[in-house]
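Letters A, B, C and D mark the chains in the order given here, with residues in each chain numbered from 1 onward.
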Amino acid sequence: MLTAKVLITLKKSILDPQGNTIKRALNSMGYPEVADVRQGKMMEVKLNDMAREKAVAIVDEMCQKLLANPVIEEYSFELVED
Amino acid sequence: MLTAKVLITLKKSILDPQGNTIKRALNSMGYPEVADVRQGKMMEVKLNDMAREKAVAIVDEMCQKLLANPVIEEYSFELVED
Amino acid sequence: MEAHVWREMGLKDNEYARVVELLGREPNYLEIGIFAVMWSEHCCYKTSKPILRLFPTEGPAVLQGPGENAGIIDIGDGQAVVFKMESHNHPSAIEPYQGAATGVGGIIRDVFTMGARPIACLDSLRFGAIDNDKTRHLVHGVVAGIAGYGNAIGIPTVGGEIYFHPSYQGNPLVNAMCVGLIEHTGIAKGIAAGEGNPVMVVGARTGRDGIHGATFASVELSEESEEKRSAVQVGDPFMEKLLLEACLELIKTGAVVGIQDMGAAGFTSSACEMASRGDSGMELELALVPRREEGMTPYEIMLSESQERMLVVPKAGMEAKVTEIFDKWGLEAVVVGKVTADGMMRLKEDGVVVAEIPAKALTDNAPVYHNPDSEPEYYQRNKNIDLSQFELGCDGNQALLQLLASPNLASKEWVYRQYDHQVGANTVILPGSDAAVIRVRGTAKGIAVTTDCNSRYVYLDPYKGGALAVAEAARNLVCAGAKPLGVTDCLNFGNPEKPDIFWQFKQACMGVADACRALQTPVTGGNVSLYNETNGVAILPTPTIGMVGLVEDLAQRMTQDFKQVGDTILVIGALAGSLAGSEYLSLLHGVEAGDLAAVDLAYEQKVQDFVLAQIKQGRINSAHDCAEGGLAVAIAESCFAGELGVKLSLPASDHVASLLFGEAPTRFVVSATAANSASILSRANELGIKAWQVGTVQGESVQIEVNRTLAIDCSVKELKQVWRNALPDLLA
Amino acid sequence: MKFGVVVFPGSNCDADCFHAVQDLGHPVEYIWHKDLDLKGSDCIILPGGFSYGDYLRTGAIARFSPVMEQVISFAQNGGLVIGICNGFQVLLECGLLPGAMLRNDILQFRCQDSWLRVENTSTPFTNLMHAGQVLRVPIAHGEGNYFIEPEGLLQLEAQGQVLFRYVNQAGQVTPEANPNGSVGNIAGICNATGNVLGMMPHPERCVDELLGGAHGKLIFQSIVAWFERR
């Protein structure tokens, strides 16, 4: 079976209040080394047997259609065999 | 600068309502090949200059203390140079 | 079977012997697991049952008392309210967001399983000292969890409480209450009856969540509980919303014989309780149960606490109808067994019997304990402290500002603005007043709801404290213009095997019982949560009272805020309070002691009736219960919404602190026009009710004169700012 | 004029919207998300709630409901559509309105009154209001932080597509009056042709003095007035 590991992040130009809050929390917990945090989503999409090229095509399509919102987000993915 | 890419996922035995709903949506949108979806979080933590070993140690510590919730989540991370 | 097996499941040796006796043989592993959860305190109330019998449970309006998934009280016109409160303390201590969220999910299911549409939720919360990172983490998680679940499912969370006290440090309390509305003709029950009727499981699939949660709720928290815990339950409010709609649609068809949600102890308790209530047996084929994970054993299936599931017994032949309705909502509904006539719980796996237990053995024949109780040593000692030594050490403004900034008295807006308290477009009185009021669409009526408990009082004097909690809840409803109707409770205490804890429990319940009897608010259900201790130290005894009342005509509803300049301010019932157990004494002097004033229940009832009557006659413009923080705090609170000032002149006193900040039962602060004030006073006088005219609404400051000097003179703006910002600042 | 209220499985303000227009005396019908026709509605309401649990992103899954194809073509043909709260999020996801919704900058759900300044009164949704009028309408959301790229924003402003802005009681746009971090304090926008409105605040929750205010009525009454004058 193939699993697509999809990463979805806010575009760099968009403020990430959640990431900022985590950064501040880490700083105040005694990690001054933390310079920045950005939070995103990760999805593991398990696919029934299919050819790799086909999988690449449909995962890309799913990302564009549903999984990511192109107005605010970017995505990337890799396929792993398990 | 080092960036830690932290992946946080729900433990396998824990219900993932988000993932289930996304799976059903993908199936009904015409992707019957999708067998399962699990959703997790991704965090990019930028660290000020430090030795790699030290970075591994403190990122691990941050994951345990704040970033992941050990009761329901698991984490993994890799360090990349940028 | 080796002793460690049942002991690890929480059964005592004598209980095991009783199991063998009831079965007439040794149980197998699955059977003993079932006994262990069904005989846990959480499911069978083995130590609390004899005490709970003290509660009055009947009254002309009670349609359903304790014993069902929720109680029901008539509100006229063929309608009724369904309500219940439940604790989710231990799960919330471990995983605050999901623990609180699934607590809300569970109590909502208890209400819609009766056929009612939920119309409101409340949450009563207790945490450790606020200046502690762990506490803040818990508060954020719990409040977000309640919001996350309630907001998504679309039931307004309209009220509750939040208190901070070090005794809750390791063991916070999360009590959730849900109120629903039903037609008398649409009431469903949790029974399995009619030999041959199918048993169906509907909703979510079964996974390995929270196995042994019920047992877990019945032991003290310790390092080990981290180990014992299997997977934590995760809630899915979206699934529950679908389940709610599907169940209500199904119940309306009349196809249902019985229906019950799966809460603590999952399949086991729903199946046994339904069979036992129906004097029936039940046969289940576990292989048919839809699961989320592979390789689950019968033991895991029976004990799983996966959320958002229900057990339904439809009439034979109606299976397809059930499936059709659930299918419409995108949910599974599967036949997993049938009702039998032999009174046995018979579980099969692929046709092979894996457990066989008489249903009544698990319910009616559960052990009952009469624990010893003894008065703790602290009780007399605390009582005998001379409180006159705690006079104001600072100026009155300072004390008032400090009290308003105390997290226990400060505005709770930080909490309730995270809750959607308006969804449904029926919330007529929003959180922030004494009680919230929900309109009953299509009528002039409203349902008023509140939760109350001052656990410091209960600690100092459990009997009086229990009674005071009930009296306060009723006063809060009266202040909204409602007649109190009935009570649900959540009894949170420490380890009942300790005689002083059991004494607290028993005394508190006696107080609750007497007050409920006097105020004619029967107890229609509730929940007991014992073993709330960390490392051997118990929480303050906390019998949370949830109360519902009826506003007959919403045009007569009332709120606590002063409405107009020139109105006269009256104090009705009592004037000065006592420092015993007061927030003032604790906050400013670090002392929690004193002999609480007793509640004169007959007088309490008379004063409440009087105030309600005055509200209904339209004589009163605002009514506020004078509770924690005493008179000065109550007055200040009434000033905030409209940002109106007051000028008060109080009768001479030789103890200014008690007059301003002392606490007392049976005390209302109301405002009225000068003309109405006169008639209120004379009517009170006729009835033997004490009432004082203390000042007027005017200016922009709270000015309170005692003994011819201004004890308090502070701008409303400043007071309000301190009061509003306290919680956000403390929790930031 | 007839209203239709779309019901997604996780909608929870559907009944509130239904009653709001019904109480104003207009015919209204529910439209199930699997339905394929709009039952002759003249105005479609996409109500608040959590259409599909709001998992993934708010409104993201709802836009693929069967009924949404009908709603999209109805809107493209000039039909009146109003999306409230979650309905606004759905309209953004399906592209009937520009921009996207982010999590509230305070990272918490907010349920409270908000004050809205009416920015354009020449639309079907605002024609009974006067310019600069301040309405009190409650909000209740966790993701109402409206975002649009700067060029898009310029265009919205230039074309008068911003209909409501969060302001203080005196009608001023201030950072304190912004409850969620929305760019330009934006609370509600319409499409370029003016027939589709999305707003985060809940007008259906304030159509009755019993509920503490009735400013929400103005929106529904404007719709009817516009429709009847048309």
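Note that in this section contacts are C-beta pairs under 8 Å (C-beta built on N, C-alpha and C of every residue); 3 or more make two chains touch, one makes a residue touch a chain.
Remember, it's a predicted structure, so these values are computed and weren't measured experimentally.
**Student:** Between B-D and C-D, which chain pair is linked by more C-beta pairs in contact?
**Tutor:** More C-beta contacts join the chains of C-D.
**Student:** CA centre of subunit B versus CA centre of subunit C: separation in Å?
**Tutor:** 37
**Student:** Report the inter-chain centroid distance for subunit A and subunit D in whole angstrom, where each centroid is the mean of the CA atoms.
**Tutor:** 30
**Student:** If you look at subunit D, which of its residues touch at least two other chains?
**Tutor:** 52-53, 55-56, 61, 64
**Student:** Provide the list of subunit C residues touching at least two other chains, using ranges where the numbers run on.
**Tutor:** Residues 236, 238-239, 330.
**Student:** So which bits of subunit B are touching at least two other chains?
**Tutor:** Those would be 17, 21-22, 25, 29, 39.
**Student:** What topology does the chain contact graph adopt: line, ring, star, complete, or other?
**Tutor:** Per interface graph, the chains form some other shape.
**Student:** Sort out for me which residues of subunit D touch subunit B in the complex.
**Tutor:** The touching residues are 52-53, 55-56, 61, 64.
**Student:** Report the residues of subunit B in contact with subunit C in the complex, numbered from low to high.
**Tutor:** 10-11, 13-17, 20-21, 24, 69, 71-72
**Student:** Which positions of subunit B touch subunit D when the two form their complex?
**Tutor:** Residues 17-18, 21-22, 25, 28-29, 39.
**Student:** List the residues on subunit A that touch subunit B in their complex, please.
**Tutor:** Touch residues, subunit A against subunit B: 1, 7-9, 19, 22, 25-26, 29, 31-48, 50, 58, 62, 65-67.
**Student:** Which of the residues in subunit C come into contact with subunit B in the complex?
**Tutor:** Of all residues in subunit C, those touching subunit B are 94-95, 98, 204, 207-209, 230-236, 238-239, 292-293, 306-307, 330.
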